[in-house]
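By written order: A, B, C, D and E. Residues from 1 in each chain.
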Amino acid sequence: MSLATVDLRKAFGGVVALDGATVTFREGRINALIGPNGSGKTTYFNCVTGMIRADSGTVTYGGTDITRKAPHAIARAGVGRTFQLCRVFPRMTALDNVLAAVRPGGVSGGLRGARHRAEVDRARGWLTRLGIEHLIDIEARNMSWGQQKLLELAGVLMGEPATVLLDEPAGGVNPALLDRIGTLVRDLNAEGRTFVIVEHNMDLVMSISDHIVVFDRGRPIAEGPPSLIRTDERVLGAYLGS
Amino acid sequence: MPSGALLFQSVILGLLLGGLYALLAAGLTLYFGIMRVVMIAHSAFLILAAYLAWWTHTRLGIDPLLSMIVTVPLFFGAGVLLQRGLLSRLRAITLTMMSVLLTFAVALIIEGLLGYAFTGTQRRIQLGYGSAGLQVFGARIAVVKLIAFGLAVLALAALYLLMKKTTFGWALRATIQHRDAARLVGIDTERVAGYGFGLGLATAAIGGTALSLDTTIYPSLHWHWIGPLMAIIVVGGLGSVPGAAAAAVLLGLIQSLLQIPLGTTWAQTIFYLALFATLAFRPQGFFGGRLAQRF
Amino acid sequence: MLSVSRAVGLVVLAAAVLSFPGLAPNPYILSAGIVVLNYAVLATSWNFVGGFTGYISLGHGALAGLGGYGTALLVTKAGLPSFVALAVAALAVAALAVPIGLAALRVRGASFVIVSIALVLILLLVFQSWSSVTGGSRGLVVPRPFPDLLRPEHHRVFYYLFAGLLALALLAWWVIDRSRFGLGLKAIREDEDKAEALGTPTFTYKLIVFVVSAGFTALAGGLYALWFGDLDPVFQFSILTGSYLVLMALLGGVRNLFGPLAGALIVGTALEYFKGQFGNTPLHLVATGVLLGLVVMFMPDGVLPAITGLWQRLRKSPQSSIREVSAADLQTERQRAEVAK
Amino acid sequence: MAAESPRRKTQANSQSEIELVDVQAGYGRAAPVLRGFSVAVPAGSVVCLVGPNGAGKSTVLKVASGLLKPRSGRILVGGKDVTGTGPQRMLAAGVALVLQGHSVFREMTVEENVLLGGYTLKDKAKAADRAAFVKDLFPVVAERWGSLAGLLSGGQQKQVEFARSLMVDPKVVLLDEPSMGLDPKATSTIFEQVARMRDAGTAVLLVEQNARRALETADIGCVLDLGRVHISGPAAQLLADPQLGELYLGGRPAEPKVTPKS
Amino acid sequence: GDGDGGSTATDDPILVGISLPLTGDFSEPGKGVQQGYEAWAKITNDKGGLLGRQIQLKILDDQSNADRVVADYEQLIGSDEADLVVGPFSTRLVVPAARVAEEYGMLFVEPAGAAKEVFSQGFKNLFYAAPAVANDHYNHLAEYLLALPADKRPKTVAYAAMDDPFAQGTAYGLKDKLEAAGIKTVVNEVYPPNTTDFSSIAAKIASSKADMLVGGSQYQDGVNLIVALQQLNYQPKLAAFSGAPTNPEFAKAIGNKTEGVLSPTGYSPDAPYPSNKEFVEKFTAQFGKAPDEDQANAYTTGQVVAAAVTAVGCAEQGDCQKKLVDWVHGNKVETVVGPLSWDQTGKPQGAHMIQQWVGGRIRIVLPEAVKEAEFVYPKPAW
């Protein structure tokens, strides 16, 4: 399901963070969203996922309007996200962190035991895929920055989102692991998941994305496949530097 | 329909009351808004200061205002000790929660000791000018209320300047917001946080003295003040001294006017209605300041 | 799953609770037991909100007061039988908890504490002022459900009623604790926005658990009213009561099923003891304050966790917190795993 | 470990500006994170610390800046033993740390943040000088001078922090992943700045996950794993080591640079 | 108490259990009551005790808390096995306390449950040991005012009462009578017990310019109200307060401007009743000052219990209590506040006197028969 926004606007006091962002992230792709610091990428994610309310404009997911929906409803509709400043549940173990993404349905589902066998196995699987299975019983607050980032990603994936928004997944992650994350994203994409990745690591962005949107001052200034973006004048000027 | 004279008199009373509220709430703004410590014991310290003023007056026969020469530094020191000895030892993640309970404990201890020392009897300072008043356009202003109001204005102005204009004020705010980073720029965070707390309690010393001029005190009186003061700082916007002052004056005024049709008890509910309205419609307070929802 | 030692512990606990009335030397001790049980139910009820979501409410005393007044008014004004009134009142308070929760749960942390304090104070004002219905400061007398019972017998009956209610509250807490719903609540405690982003309807969760908590609290308050017989707004809507609950739960350990119960036992007994010790002075307040301070400073996780922690440390040598694997080890391990696939 | 001779020498390499000797350190009761870790940063050189997540890199910097007391071992600054003194003393000795993650004073303005960086400066004129210097260096800082720092975007905040730490003109700068969250332009600025500081004689201890880029700037590389030095040597040498590359630096050696050098 | 089978000629002391508000809201009057009980025990014991047994008091502090007061009597009766129990201070605490005593079948004479709700609970073992209940405190004043010629009567009255059964009882008892006679109520304010700021209430009263002010007060609230009124320069022709003016601290607290202030009282140290002389003398010797109303009420309570015990010849839990109760119901007891008798609900059948500050002292001015000074009307300015 495609994620699209039309004329999204958001201002914080005098600062215009989003200035009419009209973007479509097509289903099944690995999309990248890049742009200089402060260009509104995180704000865009926040508006799309309902964490903050846009001043105007609409967000649609798979054709349905989700502009006014609560964040959890958007998550349940299939949009998962990570946070730029990595957020995990500090006093819960890695396992519980991941299990917390399981969304029970109804009263009986809610009252079912949290450590359901199948789910524990699934959680363990995600931790393994991210290379932190050895931390399964460790509380998140005792992990290093990078470990927490990976844990957060595991939690989001546990929710089986059809569309995953990643805010700087590579920030602070060891390059050796980064390759794994890159591979993982490609595998998951092959399994049918859509990605939108905000990232400043151009090696990663250029190597994995199918489609890149470039933001500047709260609105897209360029769009296209990596090969095109790499050489786009405006992009070079606003973002990559010349 | 109340007479014009009564309305005018109520407005005057409301403004004076609001000024006092502003002073009493100032310290709370400091710890709560800036240091993120919920200081339940603030009003207990107010009562303590009031008791000390009463005690110096009855025992030594001197004007209660003079007690501030002792109580202000004393409370400052107590604040430093409280912060350095107790609050700073709490874990950072649970600071907000645990500080509620710890300061609650301090409030109980103060209340208990006051009761032990002075019994539960209500006390009131009997001043020569206690019932004196000035006539202003047909309304009357009690001298003691005017003094309390003046104290409030002076203390609040000093506090505001200190926070915004001095290096100490900056260092205090920095310490509160990111302790490690503050240490890394060379701030002695332990000391600064202690002083900040001391400052809050120093305002309690002034506020308590002002309070004692024209009211009865008893050890458990502090419970009575917690609610209205907390409401004031939320309505004013957490951490904003000018906001708290504005909210205090406004709420004092409304309360005073509402007493005419509703009576004393129902009029008090205005504080809580304002509190809920603020949280529902404008969590950052009506006068700027921080989002109340998050703290 | 119940381990053997847990099961044994449970049986012992239940036996101890149930045999108390037989062992109590006089009705006074029995009534003190009821007070402690009442505290235990209240603290456990509080712990639905405080323990799971980390929202510290100093206002649960007010919910108990509502339960008490609700029960009393339904008996006196509507003429309902006592225990029907109790059930209806608890349901009504649970229903009322919905709008209260809608307002109060919008805010977090210290602001929530303030709101909860405000709740008590505003209800105090209402119940004091609205004397045509509530009796105001004259108080309200609750007719006895068993008018023919002598006082000692009356105590015995209520002791078992409270014990039953406690069992019910503990069971409910236990079910939630191990459930997915419970895990969601704990996620809220840790990071509410994050939980929301993961798809947990945090507000609904908070509201549900608040309503459950309010219901149990009201049951305890109502039962207490039926037992005690006299309601006075000053004592029903007191911040002190709410704070004692917090003290108990914290003291025992909020993440622990039996934490609040243990806390109620300790604090309830301590309150009686301080009263005996400092009878004629307000030093009992000082003692309570010191106790609370000590808990916060030295056992912020509570007595039960402190004991279990100590036990574990005695049994095992300090273990490293993280399983140690170097990058090279991990690599080989993964390769092995991939080959095995 | 003994420092290899740096590529560029502005001073005699005999003395290290900061040196950690056989440090054991950890958190609370848990097993140590660093176990016998040593590193030396000569004046006028950049030492880059790389290693997997959780290896203990940030812990090294916390120990070096005095935030965390080591359980054993010594810390020498300019040859003097300063083990166990707090961050204030360390700062006075000339050691400045930029924390990993975000550590701006969120509810103070950018101006207040930056000026607080010069908290220990007694000389007002010097403070003004430095402020002008950092504003010049980071245009964003100048642009958002009056707004609350907590409202800036992640990368903007990082720049404010960096500017703040440069207010004092330190002898040793400890940087924990300075490029994290920065856009390519700002990243370049940071690395240029690191090089410039080195040229001015400042010792830099740099922790980076952007390892290849960092090693290109650094003189000495040091791989940390499981709390010990796994290998160390001239940065160029580490970059060339294929096995290290696979384990710690990411699969492909960096070829086409998207971010051109200035 | 010892078993019924044992000899009644035991020498064990008689244990009298009492809970009092020694801390908290009612602590001041609570301590007064304590002195009254202590004086009673000492005076009785000095004369050889009751039934030849010494009286031993066991006093617990209920912290002015209704929950506590119940636990206290529970303990006194159940655990300490007190032979007799007597009441605490204040209507708010008397009601729950009385229920415990009732359900254990104990005689319950009390010194301070004056409000009418005490007597509507269906208690069969309760007796209030004072001349009159709250609503009747001002009866003599009402009579006096209504007897005045119409042009001299106050025409408008302002009422301000604490939200407390006793305080409201006194004020509204008078209000009902004055309103029935057509005297207009211009202000009717109720304030919660914890009120400390009276400026708004005072502003309302002052702007009404009422001829007469009636304060349903305990102590401090009365003082605060008067000071606030003085600040606004309000001068009524008559001012009556239920609690405050009899307190020894009162004059100083309002700046000695007491002249003409009225108050009802159930007790006068100068009253001519036979036991009163002895009481005042011995009390003064014991405590260094003359007793006031609270002490006297407690002493009266003791006198009532003692009379019953002496007449029935027993003092222990069990059947004896029923006999004691029956005796009190059927008899009149001579006390320091005069002869007392009770109806079925335990309500006393007398009336209060009216005192007024005259010439710097508080004197009885009504009823005519016992007056010590002339009624001053209108009252001088304060």
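Note that in this section contacts are C-beta pairs under 8 Å (C-beta built on N, C-alpha and C of every residue); 3 or more make two chains touch, one makes a residue touch a chain.
These numbers were taken from a predicted model, which means no experiment stands behind them.
Chemist: Show me the overlap between the contact partners of chain C and those of chain E.
Modeler: Of all the chains present, those in contact with both chain C and chain E are B.
Chemist: Under the document's definition of touching, what chains do chain B and chain E have as common neighbours?
Modeler: The common neighbours are C.
Chemist: Count the touching C-beta pairs: is B-D or A-C ahead?
Modeler: Pair with more contacting C-beta pairs, B-D versus A-C: A-C.
Chemist: Starting from the mean Cα coordinates of chain A and chain C, work out the distance between those two points in Å.
Modeler: Once rounded, the distance between the two centres reads 39 Å.
Chemist: When the centre of a chain is set as the mean of its C-alpha atoms, what distance in Å lies between chain A and chain D?
Modeler: Chain centroid spacing, chain A to chain D, equals 29 Å.
Chemist: Approximately how many whole Å separate the CA-defined centres of chain A and chain B?
Modeler: Result: the chain centres lie 46 Å from each other.
Chemist: Please tell me the distance, in whole Å, between the geometric centres of chain B and chain C computed from their C-alpha atoms.
Modeler: From the centre of chain B to the centre of chain C is 32 Å.
Chemist: What are the residues of chain D that contact at least two other chains?
Modeler: Residues 30, 51-52, 54-55, 247-248 of chain D each touch two or more of the other chains.
Chemist: Quick check: what residues of chain C touch more than one other chain, meaning two or more?
Modeler: Residues 125, 128-129, 281-282, 284, 321-322, 327.
Chemist: What residues in chain B touch two or more of the other chains?
Modeler: In chain B, 115, 120, 263, 265 touch at least two other chains.
Chemist: Residue numbers of chain D touching chain B in their complex, please.
Modeler: 65, 67, 86-88, 91-92, 96-97, 99, 103-108, 112-113, 115-120, 161, 164-165, 167-168
Chemist: Give the list of chain B residues in touch with chain D in this complex.
Modeler: 167, 170-171, 173-174, 177-178, 180-188, 239, 290
Chemist: Hey, which residues of chain B end up touching chain E in the complex?
Modeler: Against chain E, the touching part of chain B is residues 2-3, 5-6, 9-10, 13, 17, 115, 119-122, 124, 126, 130-133, 140, 142, 145, 215-217, 220-221, 224, 256, 259-260, 263-265, 267.
Chemist: Chain D touches which residues of chain A in the complex?
Modeler: 12-13, 15, 35-40, 42, 84-85, 142-147, 149-150, 168, 170-179, 200-203, 206, 230, 239-242
Chemist: Per the contact definition, I'd like the list of chain B residues that touch chain C in the complex.
Modeler: 32, 36, 38, 86, 89-91, 94, 96-98, 100-102, 104-109, 111-116, 120, 219, 223, 226-227, 230-231, 234, 238, 263, 265-266, 268-269, 271-272, 275-276, 279-280, 283, 292-295
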